[in-house]
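Paired with chain B in one complex and with chain C in the other, chain A is shared by the two complexes that follow.
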Partner chain A sequence: MQFDPFVIPFNIGLYFIVLYAVGRSVIWFRELSRADKLRLQRGFFGPAFAMSLKEIFMESLIHRKILKTNWRLGYMHMSLAFGWFLLIFFGTVEADVFGTKHLNAPYKAIFFRFFNPEHGRSGFEAAYGFLMDLILAFILSGLLLAVLKRFWSPAVGVKKTTKLGVSDKIALTSLWLIFPSRLIAESFTCGAYETGSFLTGSLGSFLASFLPTQEMAYPFWWLYSLSLGTFFILLPVTRYMHIPAEIFLIFMRNAGIRTGDRESSYSEVEVHSCSSCGICIDTCQLNYSAGINTIQSAYLMKGIRRNEDVKDIAENCLMCGRCDQACPVGIELYPIRMMERRRKSADHEYRNLYKGYLRSRFPLTPEKDNETPSYSYLAEESPEKADVLYFAGCMTHLTPSIKNSMVEILNASGLDYKFIDEKGGACCGRPLMLAGQDREARELINFNSQMIWKSGASMLVTSCPICYKVFRESYHLDVEVLHHSQFIKRLIDKEAISLKFLQKNVVYHSPCDLGRGSGVYEEPKEILKYVSRLEKSRYEDAESLCCGGSLGNLKLSSEQRRKIATDAANELTASCPDILATACPLCKKTFSSATSVKVSDISEIVAEALTKTSVPKYNALKALSKPEMANV
Partner chain B sequence: MSKNVIVIGGGAAGIEAAGQLAMAGYPVIIIEKGQEIGGHLLDWYHLFPDRRNSVEVVSYLNDIAENRNISILKNRQTEKIERNKGNFHLRTSAGDEIEAGAIVVATGFDLFRSEKKEEYGYGIYDNVITSADLEKMFRAGDILLKNGKAPSKIGLVHCVGSRDEKSGNLYCSKLCCVTAVKQAIELREKLPSSKVFCFYMDMRMGGAHYEELYLEAQEKHAVSFIRGKVSEVGVAHNGSLVIKAEDTLAGRPIRIELDMLVLMAGMEMSEGGRKISSDLHLSTGSNRFFSSIDNHYGSNLSNENGVFYAGTCTAPMSIPETISHARAAATEVIRYMKNTGK
Partner chain C sequence: MSRFGFTITKARFIDYESNDRRISEYISEMEPSFLRCIECGCCSATCTAAGFTKFSLRELNILIKRGENKEINKTIRKCMLCGKCTLVCPRGVNTRNVITLAKEAYQKAENHAV
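Let's look at the complex of A and B:
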C-alpha cells in the first residue's frame, strides 16, 4: 500500500507551509537594509552559524529560558516542541529503515503505521516502537498541561494566560487534535494487527476487545491528517508562526542584527516570533497592581501581526523594560513599542496584502517639516566656560532637596562647575520622545546641545536618569555624560570628597531608566555601601520594579499609579529600612507619597555624609579624566 | 446599660457636643490628646470672615467645659475600644478604663503635610511657611523672615494638598480660599508697604460674607490675585524665592521673585480618626474622611450603632458649621440613648 486519499490534507498543508516559509524568508531577506544583509550573509558562514544552531536547539526545542523562569510552563513548551521534533526525526528514520523503500515522501513517515500495520513484531522493531510510544507519551503529557493551562492557568504556574482570537482558536484546536488523533488512529490499527508498544499496543488491545478496530481506524487517520493540514495552513496567520520565525530570528540576531529605532524586517520577524507564552503578562506591574491585562507585550505583538490599531496598547505602558528583560525569545520589546508610538511620523507602513498571509511595506509621503522652530521663544543662553556642567532637569527642580544636595557636593569637590539650568532650562526632550514626537523633541535637543557645546565643558552631570538616557542616546555631544551617581562614585574613588559613615540601613531601588534603561546598576550601590548599610531587596538590578511614576505611560489614572507605587514601595520596604534610596527624582517623588519610610535620593544621602575635611582640588581634577577604557 | 457618653476629641465639635449632652443630664467623658481643649483654634489668630479673635471662641468652649457633668481626660489617646453587650469599653493610653453607652467621634482634621509637595520647598527653603505657621506669627506679633527682616513681597498659594489628584486629595478643603483672603488682608495691614499675591485655581467664596471680604482685599488692600497654580519654587542668588507659575487669564508663564511664600495647607482626615476607624470598623469615603450613612439627613450617623460623628472628621467645615454639626450629633445621641433605655 503506497497511497491513500486521507494523506491529501496533510500533503497540501505541508507543501503550502514549506513554500510559504521559503517565500516569506526571501521577502524578509530582501527587505533587510544593505548592512544587515551583509551581516546575515557573513553570519551564515562563520561561528555565528554554530551558535545559532545551538541556540535553536536550546531555545526553540528545549525552551531553556522558559524552563528557568517557570519549569511547568517550560516543560509544556518543551514536550510539544522537542517531542514533536523527536517524533518527526525518529519517524523519518523508522520509515527509512523499516519501510518498503528508502527516501520516502514525508507522509510515509507521518502515517508509517497505517502503511506498515504489520510492523513491530520482531524484537528490534518492538524496541523501536517502544521509543516512538515513549515520545508520543512525552508530547501527550505536555498537551495535557496545555489544555489545563487554557482552562485553569495556575496549573502551570501562570497567573494569566493569553486571550485568543478565532483563527488562534481553530489552530489551537487542530494542534490539540493532532496527537490524540494519532494515538487513537495508531491504537486502532495496532489493535487490529496485534502490534504496537505500551501505549498504542495496550490501548489497541483494549479497544479491540469491544470495537471493530479495522473499521474504526480509518476515520481517525483522516482526522489526524486533517488536523495536521489545518494547522499548517493556519500557521502563518496565528501565533504558531513563531515556530519558523524564531529560527529565522536566532540566525539574524547571532549575525549581529539589532532592532534599532526603525521598523524593519528584523522587527517584523521579532513580532512573529512571539509565542504568546505569557511571561510578559506575569512580570507586568500594570497587570498585577493596576489590573490592566490587555496591553502587555504579547498583545502588542499580536495586534501588530494582525495590522490592528495598537495605539492604545502601545501608549498604556510604563516603559519600565521589565518584560523586555524577561522575554524568553529575546524579542526587543521596548524599541518595538517605541516604533508603534512613533507610527505617525514613520516613513513607511506595513499593510496586509492577503488576510494575514503577506504583509508588505509601503512608503508614506513624509510630513513637511515646520519652517519655524516651536521653541524660538526660548532665550539663547551662552553659559560661562566651565569644566563640569550640571543639568538638574525638570523633575529635579520639582524635588529641590536633590538639587541642593548636588550643589553641596559640587561645592565640596572644589570643581569648576556651572549649573546650566539653575534658573530653569529647556526639557531634555525625552517626554516628547516617549510620546512618539521625535521631531518636536529634536528641536529641544538642538537647543540644549548648542548650550552645552558653547560651554566647552568636558563633562555633563545630570541628576535625572530620564535626562541621562536621552543625553547619551539621542544627543551627539563631545562631552562625557554622567549620571550623578557615577559622578559621585568617581569623586569618592579619587578622594575628591570626604564622607563619614551613616549608621543607617538602606534599601536601594534601581530606577528603570538608569538600570535597565542605561545599564548603570553598580555605582549607586557602591556609594551606598560606602556610606551606609546596604540591604538587599527581592528586586535587584534587572529585576527592579517600576515606581509607577513613569513618564512613559500616557493612559494611566492617578489612582492606578498610586496602586503601583504603594505595592512597589511595600515590597521594597518589607525589611523596614531607615531609608529607601533611589537615584531618580521621579522615583523619589512617587515613593515619598506611597510609604511612611523615608525616601531619599542618593545625592541627599551623600550630602548628609559630607564632612568638612578639605580635600585638595587636585583630586577632583583627576575625576574629570575618563577612566581607562578599552578601545570601542 | 451605661448612661455615660464618651467624646473623642476636645476641639470645637467635641466640646459643643459634650455641652449639649451634659445639659441633657448625661455624664460625658472627653478624651483629648493635647494639654488644652480647643483643638486647631488654639493655634489660630483671627477667624474669618469677621476677623474675630479666636480666643473668644476658645473661652466659650472653656465655659461649656465647666459643666459638672463633663470630665475631661487630657494628654490621652484612645488605645482600645471594644463593644460589650451594648456598652462600649474604652481604654486610654494612660490606662483609664471607661464604660459608656455611646461614643461621639470628634477627631477633627489634620493639616495636609506640605513637605509632601516637595516642589514648593516647605522644609527646604527658609521662607516657605504654611498658613498655620503664619497664624502663629500673627499671634507672636511680628512677621519676619529667617534673617530677621520684614518681607516686602509675599505670595500665598491656594490648594496645597486640596483638589490635587497627585496628592491623593481630589476634594476641595473649602476654607483655604477665605483663609488666604483673610491672611492677605492682615499681611497688608501689618506690613503696609508690602505686596501680596494670591495664586489660586478658583476662588471659592461660598460662605456668608466671604465674597465681601474678597472684594475688600482687592479694592481696599490691593492684593493681587493671579489665577494659576504654582509649578515650582527655587531660590535666587540673593536668597529670595523664585516662583514659577502660570497666569491662566493672561495665558502665559510667569516668574516672580518673592521674600516669603505661604502655603494654604488643606484639611485631611486626622491620624487619630484613622485609628478609630479601624478599631471600630467605621467606614470612610474615597476622601478618607468618615462617611455617614446618609448624606442628607443622617450626617451624624455612623455605620455602627451607638457611634456618632461631630464636626470635621466627616468633611472640611468652618467653625459655625462645626458647632451646628456637633449640636445635631448631641440630638442624635440623646435620641439613641432614650430608644435603648439608657
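Let's look at the complex of A and C:
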C-alpha cells in the first residue's frame, strides 16, 4: 500500500506552505535596500552563516531565551518546536531505512505507521519505535502545558496569556489536534496489528480490548492529515507565520541588518516573527500596575500583521523599552512602535482575510513640506562663548534643587561653563518626536543646535536623560554630549571636586532613557558607590522599572500613572533605604509623590557630599575631554 | 492717553447656541480629564513656550470650551509638548493629550470629519 486518499489534505497544505514561504522570502529579499541586500549576501557566504545556524538551533528549536526567562513556558515552546523537528527528522530517517524504498515522499514519513503497520515487532525496529514514542510523549507533554496555559495561565508561570482572533483560534485548534490525533491513529493501528512501543502499543492494546481498532483507525488518520493541512494553510495569516519568518530574521540580523527608522522588509519580517509568546505582556508595567492589557507589543505586532489601525495601541505605551529588552526573538519593538506613531491613520486599509496572504505594507505618507513653521517665534540668540554648556532641560526646571545642585557642582569644579537655559530654554524636541511629530521636533532641534554651535563649546552637559538621548541621536552635534552623571564621574576621576562619604543607604533607579535608552548604567552607580552605601535592588540595569511619568505616553491618565509610580517605588524601596536615588528629574518628580522615602537625583547627593575645602581651581578642560578619558 | 494698567474690557457677547463646540466635545469625549480643568493657570505659569511668546494653555482651554475657535489652530501649534503643564496640573488633566487632540480635531474639522 503506497497511497491512500487521506494524505491529500496534508499534501496540499505542505506544498502550499513550502511554495508560499519561498515566494514570500523572495519578495522580502527583493524589497531590501541595496545596502541590506549586499549585507545579506555577504552574511550568507561568511562566518555569519554558521552563527545563524547555531542561533536557529538554539532559539527557534530549543528556545533558550524563553527557557531562561520562564522555564515552564520555555519547555512548552521547546517541546512543540524541537519535538516536532525531531519527529519529522527521525520519522524521515525511519521511512528511509525501514520503508520499502529510499527517498520517499514526505507523507510516507508522516504517516509511516499507516503504510507499515507490521513494522516494529522486534529488535532494532522496536528500539526505534520506542524512540519515536518518546518524542511523541515529549510533544504531548508540552501540548498539555499549552492547553493548561490557555485556560489557566499561572500554570506555566505567566500572568496573562495573549488573546486570540478567529483565524488564530482555528489554527490553534488544528495545531492542538495534530499530535493527539496522531497518537490515537497510531494506537489504533498498533492495536490492530499488536505492534507499537510503550505509548502507542500499550494504548493500542488497551483500545483493542473493547473497540474495533481496524475500523476506528482510519477516521483518525484522516483527522491527523486534515489538521496538518488546515494548520499549514492558515499559517501565513496567523501568528504561526513566525516559524518560517524567524529563520529569515535570524539570517538578516546576523548579516548586520537593523530596523532603523524607516519601514522596510526587515521590519515586516520582524513583525511576522512575533510568536505572541506573551513575555512582553508579563514585563509590561501598564499590564500589571495600570491594568491595561490590550496595548502590549505582541498585540501591536498582531495589529500590524493584520493591517488594522494600531494608532491607539502604538500611542498608549510608556516607551520604557522593557519589552524590547525582554523579547526572546530579538525584535526591535521600540523603533517599530515609533514608525507606527509617525504614521498618519489614513494609511491603513482594513482587514481582509485573503489580503493576509499577500504583502500588506503601505508606504508612509510623505511629510508635507509646505506647512508653516510652528515655532517661528523663537528668536535667534547669540550666546556667550564658553567651554562647557549646561542644558538643564524643561523637567529640571520643574525640580529646581537638581538645577541648583548642578550649579553648585559646576562652580566647585572651576570650569568655564555657561548655563544656556538658565532663564528657560526651548524644549529639546524629544517629546514631539515621541508623539510622532518629527517635523515640529526638527524645528526645535535646529534652534537648539544653532545656539550650541554658536557658543563654540566642546562639551554639553544635560541633567535630563530625555534631552541626553535626543542630543546624542538626533542632533548631529560636534560637541561631546554628557549626562550629568557621566560628567560628575569624570570630575571625581580627575579629582576636580572633593567629596565626603555620606552615611546613607541608597538604592539606585536607572531611568529608562538613560539606561536602556542610551546604555549609561555604570557611571551613576559608581558615583553612588563613591559617596554612599549603594544597595542592590531586584531591578538592576536593563531590567530596571519605569517610574510611570514617561513623556512617551499621551493617553495614560494621572491615576494610572500614580499607580505605576507607587508600585515601582514600593518594589524599589523594599529594603527601606535612606534615599531612592535616580538620575532623571522626571523620575524624581514622579517618585517623590509616590513614596515616603526621600527621592534624590544624583546631583543633589553629590552636592550634599561636596566638601567646602578649597579645591585647586581646575581650568584645564582638555583633561576632561574624551582623548584623555579613554583610559578612565 | 496714559496707561494706568486698568482697562475696561470691551463688552462681549458669547453665544453658546451659535458657537461651534464640536472641538470641545471631541476633546472631552476622547480625554475626559479635560472637563476637570478649573482654569487655575498653573499650566500657563510653568509653560516653556510662554517664555518666548504669548501662549497660554489656560486661555486656550477657556476659548475651546466656549467654542471660540478662531485663530486657536495657529496658536496651539506654539506648544512644544514638553509636558511640564501635565506635571504641575493640580487636577490631573492630561494636558499633552488635550493639545494633541485639539490639533487632531482641527485637522478633522477642516476635512469635515468631526
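Operating definition for what follows: the second predicted complex is superposed on the first by the 600 of 632 C-alpha atoms of A that agree within 3 Å, B and C clash if a C-alpha of one lies under 4 Å from a C-alpha of the other, contacts with A are read in each partner's own complex, and residues count from 1 in each chain.
Rule of thumb we're sticking to: contacts are C-beta pairs under 8 Å (C-beta built on N, C-alpha and C of every residue); 3 or more make two chains touch, one makes a residue touch a chain.
Just so it is clear, the model here is predicted, and its values are computed rather than measured.
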item: Fit or clash - chain C, chain B, common chain A; value: clash
item: A:Leu444 touches, of chain B and chain C: first, second, both or neither?; value: second
item: Contacts of A:Leu398 with chain B and chain C, given as first, second, both or neither; value: both
item: Touched partner set for A:Gly204, first chain B, second chain C, both or neither; value: neither
item: Touching partner for A:Ser592 - first (chain B), second (chain C), both, neither; value: first
item: Which superposed partner A:Ser558 touches (first chain B, second chain C, both, neither); value: both
item: Chain B versus chain C as contact partner of A:Ala435, first or second or both or neither; value: second
item: Partner chain(s) touched by A:Lys423 [first = chain B, second = chain C, both, neither]; value: both
item: Which superposed partner A:Gly548 touches (first chain B, second chain C, both, neither); value: neither
item: Greater chain A contact set [chain C / chain B]; value: C
item: When the two complexes are fitted on chain A, the stretch of chain B hitting chain C, from 98-106, 134-142, 242-250 or 332-340; value: 242-250
item: Contacts on chain A seen with chain B and repeated with chain C across the two complexes; value: 397-398, 423-424, 558, 589
item: Interfacial residue positions of chain B with respect to chain A in the complex; value: 116, 118-119, 121, 124-125, 165-168, 231-234, 242, 244, 255
item: Residues on chain A engaged by chain B in the complex (per definition of touch); value: 397-401, 404, 422-424, 558, 562, 589, 592-593
item: Residues of chain C that touch chain A when the two form their complex; value: 33, 46, 48, 51-53, 77-78, 80-84, 86-89, 92-94, 96-97, 100
item: In the complex with chain C, residue positions of chain A that touch it; value: 374-375, 377-379, 394-395, 397-398, 423-427, 429, 431-432, 435, 437, 440, 444, 549, 551, 554-559, 586, 589
